[in-house]
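Chain lettering (A, B and C) follows the sequence in which the chains are written, and residue indices restart at 1 in each chain.
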Amino acid sequence: MSNHAVLSFDGVSINYSPSGPWALRDVSFSVSAGERVALVGPSGAGKTTILSAANGLVAPTEGRVRVHGTDTASLGREGRRAIGSIPQGNALVGSLRVAQNVASGRLGYLGPVETLRELVRPRDTEDIVAILEQVGIPEKLWDRADQLSGGQQQRVAIARTLYQKPDLILADEPVSALDPARSDAVMEILTEAVATTPGRALVTSMHDAPLALKHCDRIIALRRGEVLFDAPSESVTEPQLAMLYELES
Amino acid sequence: MGLVNFNSLKSKPFAALLLVLALVAAACGSDAAPASQSGASSSESGGAESAVTEINLGAIPDQDPELLARNYGLLADYLTEETGVKVNFQPVTAYEAAVSQFRVGDLDLVWFGGLTGVQARLQVDGAEAIAQRDIDAEFTSVFIASTDSGIDPISDVAGLEAVKGRSFTFGSESSTSGRLMPQSFLEQAGVALGDLDGEVGFSGAHDKTIALVEAGTYEVGALSSQVWKSKVEAGEVDLDKVQLIYETPTYFDYHWVARPELDADLQNKIVNALAALDPSNAEHAEILEFFGAESFIGTESDNYSDIESVGRASGLIE
Amino acid sequence: MTAAPLASAVSTSPPARWGRRFWWIFGAVLVAYSAQRAGLDLGRLFNTRGFSQFSDFFEAMFRPDLSWDFVKLAIGEAGVTLGFAILGTALSVLIGIFGGVLLTERVWLNVAGTSGASHWVWRTLRGLFAIPRAMHEVVFGLVLVNILGLDPLVAVLAIGIPFGAVTAKVFAELLDEVPPDAEQTLRAAGAGRFSALMFGAIPHAMSDILSYGFYRFECAIRSAAVLGLVGAGGLGFQLALSFQTLRYNEMWTLLWALIILSGIADRWSSLVRRRRNAASVEMHASLSTSAPAKDPVLRTSAVLFLLAIPVAWWRLDVSAASLWSGRARRLSTELWRDAFPPALGDDGWRGLLGDTVDTLALAVLSMVLAWSIASVVAFIASRIENPWGSPANIVRSMVGTFTRLVLLIARAVPPPVWAFLMVFILKPGLWPGVVALAIYNLGVLGRLQAEVVENLDDRPGRALRASGASAFGVANFATLPAVSGRFTALGLYRWEVAIRETVTLSVVGAAGLGRTIRDQAVRFDYDGILASIVALVLITLFVDAISSSIRRTIR
């Protein structure tokens, strides 16, 4: 795998309105292949903004965001295929079946005719089932997405991203709606996905300090749009993280 | 998505609400009062001898509503003056609605068509036809055809056979000149409604019949000759597209029908007042012109027995 | 792949959904049969010669009669229509609240939650409320005018009763959705069933109940206009007068007044409902998702509406006393005697059946037409975020505003007027009625579906776009699947309404039961009318049943 960073932030500042406060202020970091990074911090610290900027959905006011060395401002469909995102609240299409929801992860590769064919019936069902097995719910293949439980929906959202086979997985609070046992299982799937695929990296925002420490190898702590610290998990203690959440609440 | 919009519009509902209230208030200012039950005074009385304090006069409009309101207003004022009883005018949109309102007693004196007048009398014991126009004893209908249809003018009733196999529209369902009599003449010529092309149409009004035949929607139509003539005179008919093919023999049509609560004395006063309308008096002339008549004359229910039997034959009267 | 053995345990083809297939075939057969019934000979469909008259009407749109007298008249009549709508809505909410309580299943359960004989009382009540729900306002108007005569109460009751029955059903469903804990606690403590509901459930559902009331108000304006057209007074009444002599300029003065009035009512109603979009309200779906506890706009609107009630009451000179007058009693017994038992016409069962099938065909075809067009138009008519954000946004929102105006006109002009206009350019038969009803419902559906689009959850689409999907991919995998269910449900609900609306289409050649009722009305054939009304109620209940069973299958 190449040695350049999968994702890099270079002096990035973002404000949503010219007069408003900075959502991000001079943030710089880079993520290499194989890394599992947790973004932690209280609400409004800028976690989601970082993920949106990494996705190219929000343009930096200052600085540059690059994925595989390409500026996200000029990210085309090809570039986007490399980025898999699991947005907050999973963003499945409730009226479609699990199979189609998973299949939609590869829309970046499909032309109009193939898109319609996938919609009628996903072609690569075996591959989809295999991925659903990774997330533990192969039997839900033909269920409607909105008839699944919250935890199952979250797994489908992850399956969709895994089916996409991206280099960079961006997950926004992937476990916030789940109970502790399920949270652990879901994080396990995500870290597995990075560990078993060379060249892949994970950036996830987290609310749960112990879970972040357990599953990620690097913590970026944010507060009011600025990086408070950026350190390997081993050097961060649980009380340190817990304090971070208490700061602003 | 919508949230953004709504927040920016927060002040608007109040403006809208004020506007709505203002509208209600504005309505209060105008004098376009809707029909109310205020005129029911006579009908509650039950006995014919009790004094009538108000007469509700109704009419079915087949003319410009503004003219209608104005002229019936004039007529109501004139009758109020002559009879000494307050006369209110109430327009009604549909023939059968006028009959229903006459039946329940909300209208006491109505300018009915031939058929509706008979229907109304049959539904109210003691109601009588009291007056008509000079022209109503010799009313006619016309059959008109679109020029594309290739139907030539006809000289007698039997000639109406030419309508067989054509598409055809009447006017309003219970119009005498726009439906009842034309249907009866068609039957005399041996043309049943089933012999026409497709279902027979009911345009809803004389003017609409002309418009639909002109448009070619129907090949043939029938309507009151009075309306046809006035529209032709006014130059409102495109004679390149529609032409007169036949004018029917005469029959009795429009007339005034009074409820029994209006006693004989009052009915006489009304008839006399109507008959006294004089074309040489400018104000009277306006009313007469509006009715398209030279004068009003007294009439009696028996004059309409032919209409009644035709109505029974066609199932419009049961 | 290590997972291969497990994978084979899951079928690689989707399970067949027989229910869904059945309804697809059913729908296709129904549409095909309806089209065949209406006639598919294209050569006999259009009447090109009448186009100039058709366009004359629309040219008059820009030349309304603006003489002060007529404008004054239009404003006054708009006030009458508004008054009917206000009082009609007020009555429907009143009936709705009382009826809703009676129709709530919980009220008929014991404290222990078991049901006994009272279950049957509940069932019977529900059945009874279904009948007025199946009858159009115009049918009520037709009956009431024979009892009350020239009385503004005719319009108020004609709107209030059927709307009240619908509202009661919706309220009952809303109350059933309120968590039962509070109420159960009260009943366990010895409170009576009604007082427990009053304290335990109604306050919880109140804001939804009021929101729904405002949606009904918006519908009531349109109903008041249609009722006017058949003689009840107000804008519709004047419209009918000007229509008889085809005075298009006058008609447009009145139509513009109606358009402005319903535009204001629609906008007000959607502001009050705020994030409870019309679609969920129309579909009586759970409304509570985002109901704020204290909504100042809703409260102010409710207070203003309450204030408007006495104003309208006084202005229209309404007197409830006429309901109990001896005359009303006498006339209603007479009417009942004339109408009962219902009798078949000359054509007997065959005639009645034919008319009923025509009515069904009319509703099916017009809804298929309206729904297909509305499903496309909804995307154009929906409001967008940040309308002034970019030149493209400005163009898009201008097109959107124009489309919304067209939809507003389509639903403000009453169906009978559309039907008559259609007869200029279409050959007489079912089609003019089909197109007229389709245009009117396009106006209603287009707006409701645009609200679905506006309230669409855009996260799935964003997620797909972020992973490199094309616009086409996003549309097919996120947008369309997300809206299609609601679109279809809305279409089916409107189909139920459309069956009722066919009764307003007695004009030229638009066949079916509306035509028959008109014929019978002219002959004062009351027992025939009753037979037609019964047929209409039965077909409406039939369509209601089919529609809700389709909705259950496809949801």
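Throughout what follows, a contact is a pair of C-beta atoms (placed from the backbone, for glycine too) under 8 Å apart; a residue touches a chain by one contact, two chains touch by 3 or more.
Everything quoted here is computed from the prediction, not taken from an experiment.
Linking chains that touch, what shape results: line, ring, star, complete or other?
line
Using the mean of all protein Cα atoms as the middle point, what chain has its own Cα mean nearest that point?
So the chain sitting closest to the middle is C.
Taking each chain's centre as the mean of its Cα atoms, which chain lies farthest from chain A?
Comparing chain centres, B lies farthest from chain A.
Cα centroid separation between chain A and chain B, in whole Å?
76
Approximately how many whole Å separate the CA-defined centres of chain B and chain C?
So the centre of chain B lies 33 Å away from the centre of chain C.
Once you find the CA centre of chain A and the CA centre of chain C, what distance in Å lies between them?
One centre to the other, that is 45 Å.
Note the residues in chain C that touch 2 or more other chains, in rising order.
Chain C, residues with two or more chain partners: not present.
Taking the complex as given, what residues does chain A use to touch chain C?
55-57, 77-81, 83-87, 89, 91-97, 99-100, 104-105, 107-112, 115-116, 118-119, 121, 125-126, 129-130, 133, 138-139, 141-142, 161, 164, 166
Spell out the part of chain C that touches chain B in their complex, as residue ranges.
Chain C residues touching chain B: 47, 49-50, 53-54, 69-70, 72-73, 75-80, 82-83, 86, 145-152, 229-231, 233-234, 237-238, 240-247, 250, 261, 264-265, 267-268, 271-272, 274-275, 277, 297, 300-301, 304, 307-308, 311-312, 315-317, 319, 322, 325-327, 331, 346, 383, 385-386, 420, 423-424, 427-429, 454-456, 458, 506-509, 511, 518-519, 521-525.
Using the touch definition up top, name the residues of chain B that touch chain C in the complex.
Going through chain B, the ones touching chain C are 1-6, 9-10, 12-14, 16-17, 19-21, 23-28, 30-40, 43-44, 61-66, 68, 90-97, 99-101, 103-107, 119, 123, 148, 167, 169, 173-174, 198-199, 201-205, 207-208, 211-212, 214-218, 241, 315-318.
Which part of chain C faces chain A closely enough to touch in the complex?
1, 3-4, 6-7, 9-15, 457, 459-460, 462-470, 472-474, 476-478, 481-482, 484-485
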